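Here's the structure we're looking at; comments come further down.
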Amino acid sequence: MSAPANLPHGEQDDVSGEALITSSDPEHPANLIPDLCRNFYSLGWVTGTGGGTSIRDTSTGNIYIAPSGVQKERMKATDLFVLAYPAKKYLRKPQNLKPSQCTPLFLAAFDRGAGCCIHTHSQWAVLITLLVEKQFGPDACFEIEHLEQIKGIAKGRGKPGALSYWDRLRVPIIENTAHEEDLTESLEAAMEKFPDSYAVLVRRHGVYVWGDNVHKAKTMCESFDYIFQLAVEMHKLGLPWVRDDKSGLVEG
Amino acid sequence: MSAPANLPHGEQDDVSGEALITSSDPEHPANLIPDLCRNFYSLGWVTGTGGGTSIRDTSTGNIYIAPSGVQKERMKATDLFVLAYPAKKYLRKPQNLKPSQCTPLFLAAFDRGAGCCIHTHSQWAVLITLLVEKQFGPDACFEIEHLEQIKGIAKGRGKPGALSYWDRLRVPIIENTAHEEDLTESLEAAMEKFPDSYAVLVRRHGVYVWGDNVHKAKTMCESFDYIFQLAVEMHKLGLPWVRDDKSGLVEG
Amino acid sequence: MSAPANLPHGEQDDVSGEALITSSDPEHPANLIPDLCRNFYSLGWVTGTGGGTSIRDTSTGNIYIAPSGVQKERMKATDLFVLAYPAKKYLRKPQNLKPSQCTPLFLAAFDRGAGCCIHTHSQWAVLITLLVEKQFGPDACFEIEHLEQIKGIAKGRGKPGALSYWDRLRVPIIENTAHEEDLTESLEAAMEKFPDSYAVLVRRHGVYVWGDNVHKAKTMCESFDYIFQLAVEMHKLGLPWVRDDKSGLVEG
Amino acid sequence: MSAPANLPHGEQDDVSGEALITSSDPEHPANLIPDLCRNFYSLGWVTGTGGGTSIRDTSTGNIYIAPSGVQKERMKATDLFVLAYPAKKYLRKPQNLKPSQCTPLFLAAFDRGAGCCIHTHSQWAVLITLLVEKQFGPDACFEIEHLEQIKGIAKGRGKPGALSYWDRLRVPIIENTAHEEDLTESLEAAMEKFPDSYAVLVRRHGVYVWGDNVHKAKTMCESFDYIFQLAVEMHKLGLPWVRDDKSGLVEG
């Protein structure tokens, strides 16, 4: 379904480009972002308008971003911001809505080849950042190994395939800042230091997860969250995340 | 859709004002309250007909209140009470239903400028009131700091913007009473003592949360609940809610 | 909608009475039981075909009972058994389905004036029976006080109103047996010993909850479950269920 | 509804057999697998495309298997693989999708008379494998007794009826391998060693559950998961899974 030719203009002028968010394809970013956000809300990832989602349209390269401050489970396609990419110029800015403060962080992922970036406030992510700090200090990353779900995480940019069951998963953690956009520098530094990571945890805040496309980003975001939750429960039950002595392990 | 002109009268006499609850706008309080209550039920906030919700209609100023004792996930617009405001006279009283015992407490929030007030029996809220009492005594309020979700809470009545990541969130706690309406005095006292707070916890009972409008009240209610849940989990894991020594913190 | 006059007979002979389960009223037991069972499934009360539900039709007095061994979230009106009451003779027995083993236990509640009886396998109920046994021995009942949700429990048969915030809630616990129907005797004994109780816990099994009508039974079942869950969490956090010394309490 | 006679061929050639997945019956495997997968997703069993489901069609004997790497809650009938059985030759292979790596493990269950096999990554299953290893060593199986939900588990292949409340449930645990298909040998060994078991746990991975038909497999998968969750919670609360001294127990 294409946009009608006789769109009312005037007060819609600064929202130009209804065609950008009009598609009958449920997999189009304009339909998929509200759909995913409803799912993420029920998973507890975007409570209280927290978190965010962005998808790069595979046909046009444009980036679709959920706005700031909107209840994620009630979001509509008309709420979305659209950004030309790599020009990074807004093609669509809904009136009365503010762009997501995650925008520069999402762009950091897109600049490294991502096709989708998801930000959640999952409590499991927040608890992991606190448990790592308490046990291993503020400079430690989160490490865990020998969980089947680790195979849900891709090996790294440009590397085919996924992590193996025998691989140790490492997720960097950065410190939170007063303003979300001020995270950009340390997020990018973590991305450079951990070039194969598809996630960066933010202390007392949540996690950013991305992937080559929306399918991979969502799958990895679910896998990371599963692993964070399992790790918190393991900690409660006195079960270690890694084996201190790896000498006994046979490579698979 | 306006109400039909030839409404049957007689036994409907004391329910006057079907037009008050008849709207095709999903954002109208008559449609929104049942919709939100279904959501709140699935969040565990209004189990066993507990809790309540009230919205002030932005166009008329009338206050819509969910009734007492109705299963929240099965509520219908016809179940709603409507109160003229600030006159505080009933415009609509459904037959066979009782007004919410929360009514005077909701009015305490409306009298202080609220556009919506939500009352939940969330178990996280109840547990927080018990953990605070156990650790800090019956006079202590709940305090937590350095969580991103704190930014989901507004700064205070008449103050633009939201709390900062570096702010400490304080939520007063009042003691429960035998009858819900008897909470009014201590709720109002807590509102006066904590004029910037948008929530008051009730020991062994739940929480009242309000906001300038329904969007802000719902967003804050979710953010408070997220923070209460996270704080309970932090307590289980031996993670402190606040730093004893704040000298090392750099203001953001 | 009444049943069509020309119902096919023959193989339907022993299922007589399609009219008993044919109603366009969503509150009719034939529609309400499948609806409630979907809800109970999502609450984790009837996992793996566990648990059961029965409602006495207010107009006919007939009792509608969910069958044994059917996936509760996929139940249909045609799966229901219907029993004349107080004659206790089957008016409708679906082919290929077995009546619920809970039937004699449900009847024990109906014989004491109930209009609806619900049986859940809620894990919170099971954990409470184990925590009570561990702390207070096999003969103790579950006791808790000073929770607002206690006001969701009615005072007792023939007594108007609900428990007060200051009342202590007591729920008897009976030992499980190999066969569900063998619980009948001890369930009835508990009902006689605790004539005001609307619930009986079954050790390592679950809980039976009933009420004057379906609304009250469902509301109390939710309130009991909320209280069981909260009590388990309180136990984990070292918070006592009752005050040892009640002398300091002021009656509300 | 049968497939239209004039199906487009050409690029659909290697997907032959649209008729295999075209049915108006909601209980047909082609409709039931996507439906169940949505349910399993909401139960947290198939997060991040993990887990899998397979059903043997009772009329044709063909086996329907959910593909690898597809988001389970968004699966469509057209995504399904169909295998002739016992010939084990693909009748339908969707383009661009890979067969589930669980296929040889599912076949191990079908070769032993199963009508449906479900594989979940449930965190409760994973935690049980870790708690058993920690307490009883790597060779121990999971054992628990005296829970009503144990009656949700069938007695064993060819044995009528279900386990009794007084029976001890034993579930074998096998070690995880780098590649899912490499589990086949140890899964089959566990099936031979525990011929009456309808489930095999996989350390740090999840569980395989099967049954004579889809109804029984789903019911048992829910019952096992309920028992795993309850056992983890019991462990947190210091409640033992089995009584050391069974002398005091009276057989039911």
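Letters A, B, C and D mark the chains as written, and numbering starts fresh at 1 in each.
In the analysis below, contacts are C-beta pairs under 8 Å (C-beta built on N, C-alpha and C of every residue); 3 or more make two chains touch, one makes a residue touch a chain.
Source: prediction; values computed, not measured.
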item	value
Between chain A and its twin chain D, rotation from the CA superposition, multiple of 5 degrees	90
Between chain A and chain B, centroid-to-centroid distance (C-alpha), Å	31
Separation of chain A from chain C, taking each centre as the mean of its C-alpha atoms, in whole Å	44
Residues of chain B whose C-beta touches two or more other chains	236
Chain contact graph, described as a line, ring, star, complete graph or other shape	ring
Full enumeration of touching chain pairs	A-B, A-D, B-C, C-D
Residue numbers on chain C that touch chain D, as the complex places them	44, 47-50, 69, 71, 73, 121, 123, 126-127, 130-131, 134, 176-179, 202, 204-206, 232, 235-236
Touching residues on chain C, where the partner in the complex is chain B	39, 146-149, 152, 164-166, 215, 218-220, 222-223, 225-226, 229-230, 233-234, 236-239, 252
